[in-house]
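Here subunit A shows up in two complexes: once beside subunit B, once beside subunit C.
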Partner chain A sequence: MIGFVVQKEMRALWRDGRLLVLALSLCCLFAGVMAASAAATANAQSERDQVGATARAQWERQGVKHPHRAAHFGIYAFKPELALAAVDPGIGDQVGQSLWLEPHKRNMTRNRPAADAPPSARLGDTVPAFVLLVLVPLLIIGLGHNAITQERESGTLRMLNAAGLRGGTLLFGKWIALVLAVGIALLPALVVGAWLLAGAGHVVSAPRLAFYGLGLVVYYAVFAALTVALSARLRSSRGALMLLLSLWIAAVWIVPRLGAAAAGALLPVPTGEAFAAAVATDIQRGLPGDGDAASRSAAFEARLLAENGVTRPEDLPIGANAARRIFRDAYATRVYALHFGRLWDRYADQQNVLRVAGLLSPVVPMRGLSASLAGTDLAHQRRFEEAAETYRQYFTVLIDEWDLQARRGVVAADDKYANDAQYQAVAPFEYRAPPAAFAVVTAAPDLLLLFAWLAAAGCLVRWAGRGLRP
Partner chain B sequence: MSVLSILRIEAARFAAHPVYRRVVLAFSLLLLASAVWSGIEARGYRAEVAVRHAHWEQAFDKAKAAAPERPAASTAEASRAVSAAYALGRGDLAATRLPATGALVLGLQQYQALPTAVLATVDSRHTDGRVTGPLGNPLLAETGLPGFPAIVVLLVPLAALALSAGMVQEDRERGVWRLVCAQCNVGLGTVFSAALAIRWAVVFAVAALCSACAFALDPGAAIAPLGAWLLGLALFTAFWVLAGGLLSLLPVSAGAALTAALGLWLALTFAVPAALAWRAERAAPMPSRLAAIVELRAVQQDTEERDTELLHAWYDRHPDDRPAPGLAPSRPAFPVTFVPRYENLDARMRPLMRRFDHARAAQAASIEEAAWLSPSLALMLWADRLAGIDAARYSRYIDAVDRFEDRWRAFFVPRIMSYRGVSAAELSQLPVFARDESARIDANDRDANDRDAMTEPSDRSATNEPNARSDATGSVLRWLLAACALMALLAVAGRKALVRP
Partner chain C sequence: MTSPILQARQLVVDYDGRRSIDALDLQVPAGTVYALLGGNGAGKTTTLNAFLGFVTPASGEVFVDGIAVRQDPQGARDRLAYLPENVALYPYLSGIENLRYFCTLARIPVDKSLAGELLLRAGLQTAAHAQRAATYSKGMRQKVGLAIAYAKRAKAMLLDEPTSGLDPSAANDFADRVRAARDAGMAVLMATHDLFNAKQVADRIGIMREGRLVEAFAAHTVGHDALERIYLAHARGLAADPFTDAAKAAA
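== the complex of A and B ==
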């Protein structure tokens, strides 16, 4: 029986003309937004590659310098983006585009695109994910708000009831038909989107795409279920439309933002100055049980002299300053790891608070899943920054170890004795995005929440079907 | 039946409608929550600024106490004095901050998003990796509340459209409009206008009260910007109520009118601003931050290769600041060898980095030109201007930072290069941004013209175009007024639709 209802509903939606108009509008809008986004992402990647290559060449050709000053010239790391980042840039605009790696310090990313954005950007980014996650639910509401109210207003619901059609069967049929209709409306847009992505030179990860598609189907099914169920419980089409629009506004605009605001208020993060001061204090005073910087340095110096059987740093058979730097930087790296770890953990905690808001809006888990699969979420960013930090330690230690062997005793900072061979010996920074499994595991709470929403939506349809009165 | 009676009846009809009551209640609660939030955040921001000011004073007193009584007289003293002076020169005493205006609640997010507390230095701030200002979770920045004006821009149209779009169609569908037509003896246009006026008054009253609440919570708020904001808000509300009224004249069902209203909201709030941003980007492309990295590194490398030459050139230009005999070590060392390098680097990097501010200002000007296409965007620009965080004022702040940094260098660099260091007495002449430059950010045209004379012609067009625009105070308001007038004219033209029962 459900099959007949689905068939009839599909036919009605097609004859109504709304499906065609909305599908065409959506396809055009999505294609336009996708084309712009795919081109912008491809250009950005190409620019990152070019700038990365030029910056590397600048690093390799510094000429004769003091090796530590050469290390301070630094290396820039750029995060490569996945193809799906063109669909959902996620936090991309809010994190810096580059990470400057230099000795002694672990920096934060710099040059946030959001700081250069025009005033209109504060109203929302027009990206493909905006169409998929914000506008398509509106399409579902537009198509389905009168799914039952129209039957009631025109008197056909009474006839169907008299013919013995059960409310649950009718509602489940309408629900499936609505999801199928959205799928049909969206299919050309998605095909065009995939073609545009491929045309812009992106290689899409099939598992990520498959999970993205699964997430979207569940997400749309939730909205379709809410639409059909509320249409069944309300008397007029206008009333249903008003209520559904209110819910859409709350789900899309209000709940995620209030959730984010609550997360920020409940779990505040320090200011940049306070963060830097805490790091400096821990380096200076030492972590518990380590002693302060002066005592650590004195102990190291004494050990260094004793191990080499000399009484003055000037008599050391190795570079004294390089040895000191290796020791001091190793400690600073520990302190930075501790503080950055806490900061990223705090961000993750804030994300979990935001996920609680997902109990009130399916948009929250879907956005989390979308950004995770696109590689533009916090977890991917943290992974990149930690890889860059590991690389920073590698290249600064490599330079210092060369310096350690190249000179004896104390060398002035203005002496120049390193050349291009030393810089070229540093392997380039290469970062590969984690596999799809990483994204799926990271977004598992979001995925579970989406399925919970689906289950709840199914129960809602069942409940509305049972109480359906002509 | 007088107009007043019509207004009274329409108000009663409005109040009796359960859907309208729920819409107004939800709108009020959401807007009030946002207003209270913004007010509290603004209060916190000002408190933090006060704390930082107190820290600055403490740091200044500490620096003064630690500074030597007299300039260095021996090589050992000179070495310590130079290190101390260099540390001061790149320390926190060079803090600058864009002064918040009396309408901070309207632009707090932008104050936090843009670098509004730039730290000047004797090094180059363009190569400084330090983070100043708030650290933020990028996820929350992306998802979080967009600030009070943006919430107003999102919610006021929705409330206005929910109350007015489909208004006539619904009465027609319920058979009420037939009765109105039959009983009305003052003209249906008057009834329609009264209904719209009631809706405007309700939406505006809620938005105005919430705005006043936000301003009241901010201890630094001022009345004048509140008045200016309410004026813009009144016009903005009028536009959307008139748009809703216009849609309710269309020969379609109430549901269709509401759907169209939503389409209009999406178009004017998201699509048109996005299109204007795209047009602005085409007109004044934002330079690449990544490409700037390459340029920065090229300049860094060049100055490093020429450090000795730059050192000698500096002494040639400042013969009076050569170190006195017996002060300098036999071979110049850090930081003396670094300071001329940084000076040269900054002089070359500054114009490159200012391109971003100029492009941002030019884009904002381009968007403002066409703001009449989107009242939502026009109100956002109005809020930015009142909050003092518009592109033109921000550009003036960076001008002030540059001027301050020049004075800061002029104070420290000769004292470092001459190995004299900074004595306690000299510290009282230390340049202070809040005292020396803050007031000039909001200086009048004369100052802008003075700057014209000092600016390269190629830079002038980009720098001063926004200033010229900011002189045309209220251009945004004029756009809003024009949009309202257009809507009113369309409604008058379409009033014949009212006579259909």
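== the complex of A and C ==
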């Protein structure tokens, strides 16, 4: 019987032209936004590839010089974006595009796109995720706000009631039909979007795309359920539209912003300067029980001399300065790992606070899921930066090891004995995005929240159906 | 005497703080057309709503085929057919599609061919079956409503101002179909302003005023003129015993 309601609704939507108009509008809008976003993402990737290649070429052709000076030339690491990043840039515009890897220091990313954005960016970016997550729910409201009120106003609900209709049947049928209609209307847009992505040279991960699709279906089902249930409970179409629009504004604009503000206020993160100062202090003064830099260095030097059976650094069979650098950098790396770990944990805690706001708006978990599957969330960024940090340690230690092995005692720093062959022996930084399972596990709380919303929305439809009166 | 299909016992309905129905006693047996006459606000439509379970009585009970509406409104509706003043159909669906949709939601399976037969029986010509309901006249929409009633094999039919806005030919045609339903054993309760139609179709006529059934009599006992005088006298609140006065005048 529900199937019959769905069939009738789809037929009416098709015959009155709303479905066609909706599909065409969505297709045009989404195609335009997708084309711009796919091209921008492809251009950005191309620029990163070019800069990366140029920087690598420069690295490999530094000529004969001291290896540590060569290491200070540094290496740029770029996060390769997934195809879905063109759909949802997530935090991409807020974090830097490149990470400069150098000895002694673990840097933060630099070159934030948001910093170079034109003033129009302050009005909000029209990216495909904006269409999917913000505008489509608005279309659901536009399409379904009068799903029941119109039946009430025209008198068909009275006839259906008199005929012996069970309210739940009608409402569940309308609900499914509304989701189906949005799906059908969106399908051409998504096909065109996928084609544009492929045309821009992106390879889409099927599992990520499948989960994204699942998330969208659940998300739209939640909005459709709210729309149908409120339409059933309100007397007039105008009243239903006004209330639903108010809820949309709250869900899309107010709750996420309040959630983010609350997360920032409850769990503040240090400023860049404060962070750098805290790291410097811990390196200088030492972590609890480690002693300060001078005492640590003295202890290391004594141990080094003892291990090598000499009394002076000049007599060491290895490069003394390289050994000192390796020791100091290892300690700094430990301190950086501690501070960056805390910082990332704080970001994750903020994300969890924001998830609490997801109890008030399904937009919050859907945004989290979207960014996660697009590989543009904090977890993916952290994974990339940690991989880059591992690489930084690899190449700086490798170069220091050459220095260590090539020297005897203390030699002047301007000795030139490293050459291009050695620089070329440093493996390039290659980063692969984690598998879809990583994104799904990361976004599991968001996915669960979305399903909780779906269950609640289903209960709401059931409740509205029980009390359905003409 | 057979037990009535539609029955109201001391029915009282309050609506918006006002007494809409006051101690109404009413019985419509099978094979009977009962016309409720009365001015606007007399309580005719509210009486129909009480049988449909759309209003909750303050006291008293209404029964459909022995089922107390308050206890089992769904069961009562399953035995009822209802035609409002304006039969509302889905404009983008054809007559057949509308009929099948309403019937399916009433849990009555009606295939395409049966739907066509029912519409024909209700008087809707075959050529109109596949037309969209948006193009239907009021009379055509009512025929779809009648077809729904036929499909339901309802024991009783509630008609709310069924001939309002119909041309004389369509009204006459509709009267024929109501009589046919009665002859098939259906109990029909009709709320109307149309005295001519009431006299033409009904077996019994009741006159309501301010929520009370102030007069009830067999339709054959009065002529058209007498019915009009009785109705007007009650409507204006002039006669203490308008029926007796009118019957005397007619004699």
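The definition used in the following text is that the second predicted complex is superposed on the first by the 470 of 470 C-alpha atoms of A that agree within 3 Å, B and C clash if a C-alpha of one lies under 4 Å from a C-alpha of the other, contacts with A are read in each partner's own complex, and residues count from 1 in each chain.
Going forward, a contact is a pair of C-beta atoms (placed from the backbone, for glycine too) under 8 Å apart; a residue touches a chain by one contact, two chains touch by 3 or more.
All values reported here derive from a predicted model rather than from experimental measurement.
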What does the overlay on subunit A give for subunit B and subunit C, a clash or a fit?
fit
Report for A:Gln351: first if it touches subunit B alone, second if subunit C alone, otherwise both or neither.
first
After the superposition on chain A, what angle is formed at the C-alpha centre of subunit A by the C-alpha centres of subunit B and subunit C, rounded to the nearest 10 degrees?
100
Which holds for A:Arg15: it touches subunit B only (first), subunit C only (second), both, or neither?
second
Which partner does A:Met1 contact after superposing on A: first (subunit B), second (subunit C), both, neither?
second
Check whether A:Cys27 is in contact with subunit B, with subunit C, with both or with neither, and answer first, second, both or neither.
neither
Quick check on the superposed pair: does A:Thr169 touch subunit B, subunit C, both, or neither? Answer first, second, both or neither.
second
Please work out how little space separates the C-alpha atoms of subunit B and subunit C at their nearest point after superposition, in whole Å.
18
Shared contact residues on subunit A for subunit B and subunit C?
none
For the complex, give me every residue of subunit A touching subunit B.
36, 47-48, 51, 54-55, 58, 62-63, 65, 69, 73, 76, 78, 90-91, 93-95, 97-98, 100, 102, 105, 107-108, 110-111, 113-124, 126, 130, 135, 138, 142, 145-146, 237-239, 241-242, 245-246, 249, 253-254, 256-261, 263-264, 269-273, 275-276, 343, 346-347, 350-351, 354, 367, 377-378, 381, 412-414
For a test of understanding, state which residues of subunit A touch subunit C in their complex under the given definition.
1, 4-5, 8, 11-12, 15-16, 154-156, 158-166, 169-170, 469-470
Sites on subunit C touched by subunit A in the complex:
52, 54, 74, 77-78, 80-82, 84, 86-90, 92-93, 97, 101-107, 132, 145, 148, 152, 158
Show me the residue ranges of subunit B that touch subunit A in the complex, using the header's touch definition.
19, 23, 26, 30, 33, 37, 48, 92, 109-110, 113-115, 129-147, 150, 153-154, 158, 162, 166, 170, 173, 253-255, 258-259, 262, 266, 269-271, 273-274, 276-278, 280-281, 286, 288-291, 293-294, 297-298, 300-301, 304-305, 331, 333-334, 337, 356, 359-360, 363-364, 367, 374, 376-377, 380-381, 384
